[in-house]
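Here come two complexes built around subunit A, the first alongside subunit B, the second alongside subunit C.
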Partner chain A sequence: MAETDKDSTKSEELDEGIEVGVRRLTPERIQTVINSVLGAETGARFKAYIQTCIHCGLCSDACHFYLSNDKDPRFSPVGKVKQTIWPMIQAKGRVDAAFIRRAAQIAHTECNLCKRCVQYCPFGIDIAYMMSMVRRIIHKLGVTPLYLQDTAHSHAATMNQMWVKGDEWIDTLQWQEDEAREEIPELRIPLEKEGADIMYSVIAPEPKFQAQLIYQAAVIMHTAGVNWTMPASMGWDNSDMAMFSGDNEIMGRVKRAHFETAARLKVKKIVMGECGHAFRSVYDMGNRWLGWAMPPIPIVHAIEFYHDLLKSGRIRIARKYDKPVTLHDPCNVVRGGGLHEMARYVVSQICEQLVEMHPNREHNYCCAAGGGVINCGPPYKNKRMAGNRVKAEQLFDAKSRGAETLIAPCHNCHSGLHDIVHHYEIGLDIKFFGDIIYECMEKPENP
Partner chain B sequence: MVSNQSWDWDIGHKEIDISDWSQRFEWVEELYASPDGESVAAIVHVDEAFNVCINGTLWSEAPADKIWHLRFTPDNRPYALISDGGQWTVAISGETWSEGYDYAWNPMASADGTHLAVAVQQAGRYAMAVDGKAWESDFSDIGYFALSPSGRSTAAAVQVRSVDSGQVHAFQEGTFSVAVDGKSWDPMFVNVWHVAFSPDERHVAAEVRLNLYDYTIAVDGQLWPQVYSTVWAPCFHPTSGAVVAPVRNKGEWVMAQDGRTIWPQPFVQLWRQQFNADGSRLAAIVAPKYGRWTVAVDGAPWPLTFGTMVTDLTFSPDGQRVAALAKEGAKWHVVVDGRAWQHAFEMAWRPVFSPDGNAVAAKVEIDGRYTVAVNDRLWSTACDMVWEPCFSSDDTRLLIRSLDKGIYRRSVISVNKIAE
Partner chain C sequence: MHALYQFVAGPLAWAAFIVFLGGLLYRLIRLLILVRNREPFISSYMSWRYGLRSIVHWLTPFGTVRWRTMPVLTVVTFVFHLFLLITPIFLLSHIVLWDEAWGLTWWALPDVLADIMCAIVIACCVFFAVRRSTQPEVRFVTDSSDYLILLLTAAPFLTGFVAYHQWTEGAWMTILHMFSGELMLALLPFTRLGHMLLGWLTRAYMGSEFGGVRHARDW
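Then we have the complex of A and B:
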């Protein structure tokens, strides 16, 4: 396994989003924004966290950044609060621009909002929520990292994450449908089919870079005989980086478009592809900001969908995947959604052998990509690699016990683990569940 | 609006046997019925090409590489998006526009069905086209399309100045505006959403974002005097020219008109406001408290609330009654003037009022089958499919379009047959 830089806070390049924002700050603006966010946008929960924390540090060993950076206390969960929120409160918002720069780096690039630490705190203090409040302040101050801000702009302008234009979206679906018909001549990707049972939604990297995932999903839907549709309007993207940039107004707008599209199509459920943060945005954050206590149209993550298709026999496996696999439990659908046993059922049905990584299930280490961190872009890649040495060790251990393939049923995890596997030269092949199901399932005969 | 008086309102059935379509064609896509019920059509695949079958007859001898988005205009003409040789256009009743585009999508028919508009992309630039005629100017991106009531004018949110992705600060200076018939407003905004025409078609309003934090409503490029932490889609009063929109400040939503609050009671959520025909009443979908949804009329919420969602708000033609769909758990309810029907459904479609407002009908799904309900009573027949019902202009009859066991059926029945 390859080594990496020691002090990962020093390895980053200048971020124009942060630097231009910092130059425009004034002491008055900093103070007004901090006091208005902490005063008007936090409640009893925030106050309880501030008053309850006894600085015991029990949360430290939960955090992959802390463990990977040789237990540097700056990276401990409570250390991140100590460097951001506490001084803001103590100084009543009178902190300087350099402080804000560092707060932006901490909240956006040294915390994945993965919520592993909440399980270690004797009081259940949710540091991820605290870091989200810092991000809200950073957004209001206009100091969000450039790549993440650009993604939030894309959401605002196009209702998708990657500036995919209206025609490009439909054209891509039609192109994938054409491709898939080479394999299954009567296959359809039904667009705008009102009254279908299911609306299938994806994140924008799929039409932009990974259109084969839409192809595979279409083959699975077709083979299972699912009555499904995809929208030809905005609202098809279930992802939400505005949630991670602290731009709650855009988060709500994007989620409204998603749910109202499903309501317009009169579907009973939304099935979403293998994405974790999008699940958090539709199942927890975005819906609640809009006033929906639960998603108004049930959301089914791909793990649960595949689980149900396999369990009911609607898809059958012709030949199990024969390379030993290990399974990464994505934070947002496992700690956030409890889908870990369903994921194991899917593995048991489609693969010959599972080599568990340790820790696993709700105790799994984060990929260090989620929470918008990978979306802060190349300036922070080295920090992300150094900040997840424990993940590399965990993967290497699974590999040394025989694993050859790593299943990562989340887009962010998939990309983040891809970086880790290459950086540390671990040598695991990374796949989505959909890749393996598509490869191993019984498909209709091509006449 | 299309008058339905000339349609056949004699009590009785007409049937079209479509059971052989699946043998005639390699596949048959979703069926669509014309508003008058006289035609049923589907996109079909035959000899490795696409065509449209209407009442058993193919609409063109020359099939196309691709056809999708088949629908009927309000005046009963079938239309679809069609591609041949890599160019996209619109076909109406089998006749294609002479103009073609690199891409065409999002077709919209005018209320009387005489005009059709689409969004078009040509060489990576974007515009709208009405009846084949594209705007004279084009833009880097386009969205939030609007067609004026008569169908003569179109408008959309357009990106006037293109910026590369990653130029966040240039983007924040404003690149979006509103284009009406291809001519864009002078001011540019960070974002523009939900463009709306006034009923007289002389004015256009939209949601605009002035910087990352300040939102307001713009009418013909002029901003309301107030800014808000966010806003939702505006709509025009039917006669006065006033514009109303939900606006949010300090975490609460209120209704504003021309920048002044008109519903002082704040809501957790407030959207999809709608005037009745004469503009004397304004209704909207609201959440009076977190996780509870209902309808508010003139600012007063119905006491009956629902936990899951409320959609499809509808005024009666005389403007006196209001209906909506409400979801509690997995079940949908039809709610009229604050009272829910006894029946609950797996799915329900937008309620339809009779012209006098006395009856409310809806397409509904029960046990995986479809039927029609009127005033909380179910039609005796459940079918593989029904389309949304329509009342005769004298309120006495109901047109039901249905499909069962391969037979498409146009039925005219007496409203009393279900409602009493």
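Then we have the complex of A and C:
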């Protein structure tokens, strides 16, 4: 616990977004913002959650932060509500700047919005939603952690997460097409192909520093004979950190651009790469903000796409991946989309052996990176590592039963687990499904 | 004393039941209006099938992962809520009152059994109070209102138990018993004891989301 205290003090010193923001606050501004958000932006759900919670603490054991910090009650889901929402309501918004600083840290760096606590609450109270409302208040007060805010700025200015410029995007796709044509000369990455069956969308880190993932996807698409396209305009990025910074307006703009791009290209559906939060943004939060109960254009996550390709025999595996693998269930596509059994089908088709982690499927532990937490940057890395000891134990257990490779079909999970594997010296190779499929699939012969 | 008894057993009982039922209805209508005005999307996700599926799982002892991970608390929770409802409804001396007032009668619990059940409800309340004051994660989120609503719930059973065993002279314990029961009923809709009503709705909504959108179990 002493270590946690030290870490959070260090974070305070390092996070200019929070520190500068807090210095600008006045009691009047705090009160106005809190009351306007809680008064005008919440409704029946929020009210029912506050009035139903019986303070029983049963949500505690759901939370990886709580379990990993030796069951320190400050990290329990309801404990986080007690340190944020309850005093705001009781004091009718009259809380001080130090309170807001702490609330920003709690909502942004001690909760991944993973919704595991929902499954542990007898009343199904959605504490992730409550923490999102805290983030909304923090956003409106201008106290969002610096790194996350920078990412939200990037979304606002460029419609993608990583300040990728328009020409860089097209250039990267053509570069990957060139690279892939070395291997498969007929391969194309079709840009702006109106009427294609599928628009393939990725998150901005792919063109920025993981361009090989686009290469691999192109090889899979080509081999499976998919009629696909990628847009050459803004709207190609499906990621959305504004969703996590509480900037719902920007979230809505980014999602609208994405859906409208797919509509412009007249595609039947959007297939997305292996990303969890992006799935949440197009399947759960962004579409709802825009008034769509379900996505206006069908969204197919990579797990489901690979599942369908393997099941229908459109891609075939030449030789199964022979190292034993363990599978991480990303919250946003498993607790958020129910893709866990499809993921296991994909594993069974492409790998020799699966070593299950426990708990798994929709009861998985979060990676502690999601929900925008890893995007709050280096100041919080130590807290993130300390806050997910249970995941490390889970991974180590899988490794002790033979697992050598960890499949994480989500970008945030991938990065978060990479940090955990290194920090706790677990020694697992981390891969996407796409990595293994590309490695093991039958490819067209190079003449 | 007799006049006080008549008042507590008559007009005050009427008032308590009216405030109880009216209060619950008021809370429900207020909430539904709020849904319509602020979050009409809720109705587009609500599903009878998935809502009830979730409720059935959570109403089944050990029917959820959470219930299975803490067997003692699960048993106490289920026994407490079950006996809390059954004991007063099927208590012979309560049915006698209904019979005298309305000519209504129904099956009654044997007195000895009802007595044991009442004692168990009181014991459960003590268990909850001890848990609240000793378990760090519960203690951290506890304030005086949590003990007050526990006391509000325990009081009718405690006073009823003492009155039944006639450990005190005269009718005043019976009067206190009726008064505490009426107080609990009247305050229920306006305190977090209202989870008696709202808990079904929050559970049903989350069950609907998990069933219809998330395709995952919420139990």
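Convention: the second predicted complex is superposed on the first by the 434 of 447 C-alpha atoms of A that agree within 3 Å, B and C clash if a C-alpha of one lies under 4 Å from a C-alpha of the other, contacts with A are read in each partner's own complex, and residues count from 1 in each chain.
Here is the rule we go by: a contact is a pair of C-beta atoms (placed from the backbone, for glycine too) under 8 Å apart; a residue touches a chain by one contact, two chains touch by 3 or more.
All values derive from a computational prediction rather than experimental measurement.
Applying the stated contact rule after C-alpha superposition, one finds that A:17 touches subunit B and leaves subunit C untouched. After overlaying the two complexes on the shared chain, residue contacts for A:293 are found with subunit B and with subunit C alike. In the overlay built on the shared chain, the residue A:53 is in contact with subunit C alone; subunit B does not reach it. Shared-chain residue A:87: touches no atom of subunit B or subunit C.
When the shared chain is aligned, subunit C comes close enough to touch A:126, but subunit B does not.
Of the two partner chains, subunit C is the only one that A:74 touches; subunit B does not reach it. Common to the subunit B and subunit C interfaces on subunit A are residues 293-294. Those residues of subunit A lying in contact with subunit B across their complex are 16-17, 20, 40-41, 139-140, 142, 146-147, 149-150, 153-154, 156-158, 163, 165-167, 170-171, 174, 185-186, 188, 190-193, 195, 232-234, 247, 249, 252-253, 256, 259, 263, 266, 268, 290-294, 296-298.
Subunit A makes touch with subunit C in their complex at residues 42-45, 47-49, 51-58, 60-62, 66, 71, 73-74, 76, 78-79, 81-82, 118-126, 283-284, 288, 293-294, 334-340, 359, 361-363.
Here subunit B touches subunit A in the complex through residues 26-27, 29-30, 45, 66, 68-69, 102-103, 105-106, 119, 121, 126, 141-143, 159, 165-166, 168-169, 171-172, 176, 190-191, 193, 209, 212-213, 215, 229-230, 248, 250-251, 268-269, 271, 287, 290-291, 293, 307-309, 311, 327, 330, 346-347, 349, 365, going by the rule given at the top. Put simply, subunit C touches subunit A in their complex at residues 31-32, 34-35, 37-39, 41-42, 44-45, 54, 58, 64-66, 69-70, 135-143, 146, 192, 194-195, 198-199, 201-203, 205-207, 210, 213-219.
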